[in-house]
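Chain nomenclature is as follows: A, B, C and D, assigned in order of appearance, with residue numbering initiated at 1 for each chain independently.
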Amino acid sequence: MNKKKIVNDPVYGFVSIPSGFLFELINHPYFQRLRYIKQVSMTHLVYPGALHTRFQHAIGAMHLMSSALGVLKDKGIVITAQEEEAALAAILLHDIGHGPFSHSLEHTIIEGVSHELISSLLMDRLNTEFSGKLDLAIAIFTNRYERGFFHQLVSGQLDTDRMDYLNRDSFYTGVSEGVISYDRLIAMLNVVDNQLVVEEKGIYSIEKFLTARRLMYWQVYLHKTVVGAEQILIKILERAKYLTGQGQQLFATPALAHFLQYKVGCHNFTDDASHLDWFTRLDDMDIMSGIKAWVYAEDPLLSMLCERLLKRDLYHSEISYEALSPEAIKSVQIRVKDYFDIEDVDLPYYVFSLKIQNSAYNRLKDPIQILMKNGEVKDLISALNVSDLGVLEQKVTKYGISYPKEIGFFRF
Amino acid sequence: MNKKKIVNDPVYGFVSIPSGFLFELINHPYFQRLRYIKQVSMTHLVYPGALHTRFQHAIGAMHLMSSALGVLKDKGIVITAQEEEAALAAILLHDIGHGPFSHSLEHTIIEGVSHELISSLLMDRLNTEFSGKLDLAIAIFTNRYERGFFHQLVSGQLDTDRMDYLNRDSFYTGVSEGVISYDRLIAMLNVVDNQLVVEEKGIYSIEKFLTARRLMYWQVYLHKTVVGAEQILIKILERAKYLTGQGQQLFATPALAHFLQYKVGCHNFTDDASHLDWFTRLDDMDIMSGIKAWVYAEDPLLSMLCERLLKRDLYHSEISYEALSPEAIKSVQIRVKDYFDIEDVDLPYYVFSLKIQNSAYNRLKDPIQILMKNGEVKDLISALNVSDLGVLEQKVTKYGISYPKEIGFFRF
Amino acid sequence: MNKKKIVNDPVYGFVSIPSGFLFELINHPYFQRLRYIKQVSMTHLVYPGALHTRFQHAIGAMHLMSSALGVLKDKGIVITAQEEEAALAAILLHDIGHGPFSHSLEHTIIEGVSHELISSLLMDRLNTEFSGKLDLAIAIFTNRYERGFFHQLVSGQLDTDRMDYLNRDSFYTGVSEGVISYDRLIAMLNVVDNQLVVEEKGIYSIEKFLTARRLMYWQVYLHKTVVGAEQILIKILERAKYLTGQGQQLFATPALAHFLQYKVGCHNFTDDASHLDWFTRLDDMDIMSGIKAWVYAEDPLLSMLCERLLKRDLYHSEISYEALSPEAIKSVQIRVKDYFDIEDVDLPYYVFSLKIQNSAYNRLKDPIQILMKNGEVKDLISALNVSDLGVLEQKVTKYGISYPKEIGFFRF
Amino acid sequence: MNKKKIVNDPVYGFVSIPSGFLFELINHPYFQRLRYIKQVSMTHLVYPGALHTRFQHAIGAMHLMSSALGVLKDKGIVITAQEEEAALAAILLHDIGHGPFSHSLEHTIIEGVSHELISSLLMDRLNTEFSGKLDLAIAIFTNRYERGFFHQLVSGQLDTDRMDYLNRDSFYTGVSEGVISYDRLIAMLNVVDNQLVVEEKGIYSIEKFLTARRLMYWQVYLHKTVVGAEQILIKILERAKYLTGQGQQLFATPALAHFLQYKVGCHNFTDDASHLDWFTRLDDMDIMSGIKAWVYAEDPLLSMLCERLLKRDLYHSEISYEALSPEAIKSVQIRVKDYFDIEDVDLPYYVFSLKIQNSAYNRLKDPIQILMKNGEVKDLISALNVSDLGVLEQKVTKYGISYPKEIGFFRF
């Protein structure tokens, strides 16, 4: 049968799966696993709608890639069917290596191994399974293909990954201000010398896109309560690993048990393929079912943290543009010790500092190139005829401290 | 503090929590548990966006209740502050008794106990905990309050439960045709003799609402693949209970282990309060973490079912307006036995029939009352000056059969 | 230049003009004239947003036609480039013959000549101008092309004209319930034996579409105040023509003056090509600038009607399922005569009856054909396994009477 | 009757008219006239959907004012019923003095008289008519009321006028990127010392609002084709006035005829009340019906300009960051003279320069004040902890030249 498979996506409507091979990739257990990994971790504790997954995101990004390639072909850029399928496969699989709760636990479950590395390893496995059909997709993903714009569409300032996640995260959080006009941005894409450029008349749309991204960072991704909840999640896992190391027997699903027992990290991860096997069995539910059981764990610290997370009885966080002085932190710690009657060694589970940083645009690292009406290509800042983009370029750093509400509020 | 708590809801935007008491209810662990119970069970296997939860639904329904009461007060219906809070609490808690995967496992985990009964029991517990503050809410919920329109807004043909779930399920599935104009419907509500009525000029909106509901039933709730996936879920649980009964040790979270071991049903559920305690610790994640582990169970049947569900390698379902003949079913069974080399006793896990029924409107059970411009109250059908509503009133029955794709497709 | 022209449409986003020829048609003065003819006449007096024009509608319908043909081609229906352009031209020009205020004045300015006839005449002129390039488009428009589905997409139960106007009128009136899921409907289209069919799984979407159409009829197109305002518009024109016939000199734009002076109708319209020339110079603004000036006309009747329309001081209308008795009408007339001290001859300008009729679906005239999963084609009613569609099939008739508010309200 | 009047607005849904007095103002002919004045002049020639009117805008802004006052009252700011109605009346009437095509013809029909002055004069007339009921509204409008935040909500950096027009213009043009989250912005408003402030957590929403405004300026309001079309409109009126001054008899509606014959300007406008009377009879349709007739005027220049506007055969415009040199302009003029064989005196109708300027935020003129979490009030820039807002603060100037396409394109 000739009919295309179609997915209903609340964000874009009907999304078609452009080829049988891509449909097979989607049906692979590695990809189906993404159904159970939330895109934005514990954000749903602040924005209850934000339960969407890496699965939906990957398919959405593929949809935008398909539109972008369509626009480029309409403008006369030659793109072969093989290149098109490879670019679609690359974006489909770009997050395949994400573990439970995406970024939050990236360096907790397996220390020092990035999700990009794991994505690469899994793509290699899939490539073997599919007899080399992913060669070009992998070359694009790892930026080894000479036509650089394909990689830029997978990973760059204006890639289809970002376009999808801004859209999708806005949609599901209800922070509608983060919505970007992806259709307009995509309509303005072009290619010059194999590099991605944006046509001049799209210049204000880019400003809007960068502002939307900045807004989403501070309003959602780096929202103090979200960051605080993710810290508690990390501390729970650290505590569980510590207790297991001490010989305590904690309830855990088989896959989670593996990572509690073995200290898997960059030193030994690739030595033994079984670690990667176990990793592919791990998702958000392993962590959460552990946490639910550990509410009743003997260790009071672990139990306390798990109970707080489940009841959404989160810590209070305070944020400012300057780091707190050691004295200020000390005063919080003293209050906590007093109130909860705990030892110094447990303090890091009760009081912790946050440092959050973001900049919306980095002119040096990956400048956005504008195709002027007269055919010239200029970077965004020159094209706007300005010396800088102000807040959009600035690296903003904020500092925070989190502690249990019970001790009352501090004002620094 | 005077400031109202606000929740960001992708469906309605800002939703405010009208009172401190309601905020306390939301923060209660019983209510927080609903964060982990999906509104529409396994529907996300067909509509990947449909991951929304009973938590969001309950808050959304409360928001609509608040609008509806506002409209009624604007029209001169006297509603006291106490009644308002009670109605809001009643709708907030109306689904508190739902277990994992909502309706799908309603009679599998605990046999013969409806979620409404469990909701009542949990409301009673909460009422005790909050020293009787829920008395009126419970009276409204159980339809023992003399001003019947409050109950009708919680549970009736045009209740805020339905309005929210149609909206919300449409939003998250992407089946935008199910979206109803809740604001218009609510604006048309009125009360005559303590009964809910709809003003005449809202009559076409009601037709549209009923049509939307009919559409959502067939397109989403009773979608053959969704129903098929839910059947597999049920069979997995049944098999796990059976194997546990046979003395096999299956991996399970503590809460799930309780319900695998003890046959809890209507005969013994209320005898021992601990069953309800354990129930409040149970959510979707308990089930899913079991299923993930059981992929590797010794029992080939259990393993096969779990693997299929996780890989989304679902059964094929065929649907028609007539029941299949015993011969037709037999022919499928024979093919399955051949192909998989199984015993008769295992057949029900491989081949099963579905009977799905729905009618959009029942004129007898709960007629929608229309307030005519001249002050008269008529039922919907008379108000439309017709003898019947055609397909909207008809009880539609469809029959289906599900079996593994591997055996090929049948045409009956 | 290779780049496609793009139009920003608030309803569909970016709409591209598929070919240079279509772009030329759009730029033709006959088509540009549609910029100044409102799609839904005086509806903006009730729904202030409804100022959209035939120009936007025609482009929107062309966009939907383009999607529909794309879907059909994806399903393997062979459609040549020439057929595609012809179908797009046909839908683009289908309303080219509309005069000021679309349907409202259709039989007032030129008596007894339908806009379809004028459309045909103008298409013929354009065809001459474009050297026969519209031959096939005209054949499709007039249903003389053997592949009937093209005509059905221009004019049929599920044509792109209807899909666009329901969408667009809902969008601009704010009656969001009229919005249809055109993308879903279009995705379900197919062709069997050159006839348009809808695939079985689209069956509930059709129900929804018919219900939406029924709702828009009663809530917008046949809204009593809208109908009343359009009647006043008609009476103004009739009075102006009458007074001109009596030799009075009324202010008028040159194009309007032509039609006030000459009684153009079906008997003489085609005799003299200059009538059609003048017609192409006529739009809403000619009528409105006349009305604005006639507020100060000597004739008190004309002045009164124009003033009421401009100040939106409209008549009161009463609607019911039964026709008013002659006695009831008489009693209103008597009150009016008393109150305004007028003669019998002027009564029709003060009191008038309305008869409004609509049915959403006519199974005989133009049945919707469903392509069942087993390949059979059935009409909608059989496919739904029912005997009738209830209210959707019923021919509903309502009767009304309109009169100045000053005389007080009647209750019949 | 107790029921509130409701308007269907496609942008906000149901809008209620809060009081009988406001309803009377809306029904006044001065206000009804706004139904026939497009909000964004000739923009519909570029964005065909942009046909919305000052009427809709004024009601929308009133709706936002009502929400804003609701939010402030919820936060404990005391606002009397009288103040509320006055603020609503002030925003409702803020544009009452706009003439045909809003800003485009502001200084052409009546030279040197701003629409604000005319608004004031009309408010005074209405105040007399309504026996002083508008005293406070006028004080708020003219910033003579001591509680300054009311005026700021009518006219300031974050007023409800701007919020509505950005929203509405985005909605109707289809430039969805201009949509602002007015609900979020409004939810963040507060009042300190009778001055409007925005709460700190709304700071990124303000950035987004300013970026949206900048985008709408360059993408819509100052779009080169829009500006070019408005220039042609102005030149048409100037020519018509000139020709009338020369004694030529041009077709004109009575109201337009008045302003063609009498040179009404700031020197004599207020001397004779009849000028204002005639002004209240003038709207877009007077201008357009003139232009339609003047296509056939004897004067070839006037005829040419009118024909181009109606056929949308607009001039070509070129835009750059630097002013064109006199030589460059000269070269265009020479080509035009050659091509069209015209005299120097007519050149300004064929070739004209544009200078367009905009800055999104002016820190000195009207700084946005932020209410920090610690209670301090800071201006936006300090609150963001930056030295400037980059492009948002910059005064951007662009220069353009427009000329007929027939002479070919220049590259400077």
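Criterion: a contact is a pair of C-beta atoms (placed from the backbone, for glycine too) under 8 Å apart; a residue touches a chain by one contact, two chains touch by 3 or more.
Chains and their UniProt names: A, B, C, D = HD domain-containing protein.
Quick caveat, the model's predicted, so the values are computed rather than measured.
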item: Pair joined by more contacting C-beta pairs (B-C or C-D); value: C-D
item: Centroid comparison with chain C (HD domain-containing protein) (C-alpha atoms), farthest chain; value: A
item: Distance between the centres, which are taken as Cα means, of chain D (HD domain-containing protein) and chain C (HD domain-containing protein), whole angstrom; value: 32
item: Centre-to-centre distance between chain C (HD domain-containing protein) and chain B (HD domain-containing protein) (centres being mean Cα positions), rounded to whole Å; value: 43
item: For chain D (HD domain-containing protein), residues contacting two or more additional chains; value: 13, 176, 184
item: Of all residues in chain A (HD domain-containing protein), those that touch chain C (HD domain-containing protein) in their complex; value: 2-4, 6, 13-14, 74-76, 183-184, 187
item: Complex interface listing, chain C (HD domain-containing protein) residues touching chain D (HD domain-containing protein); value: 7-11, 13, 27, 29, 32, 35-36, 44, 46-49, 51-53, 55-56, 59, 171-176, 251, 253-255, 281, 283, 285-286, 288-289, 292-293, 296, 310-313
item: Complex contacts: residues of chain B (HD domain-containing protein) adjacent to chain C (HD domain-containing protein); value: 176-177, 180-181, 184, 204-205, 207-208, 211-212, 214-215, 218-219, 321, 374, 384-386, 388-394, 396, 411
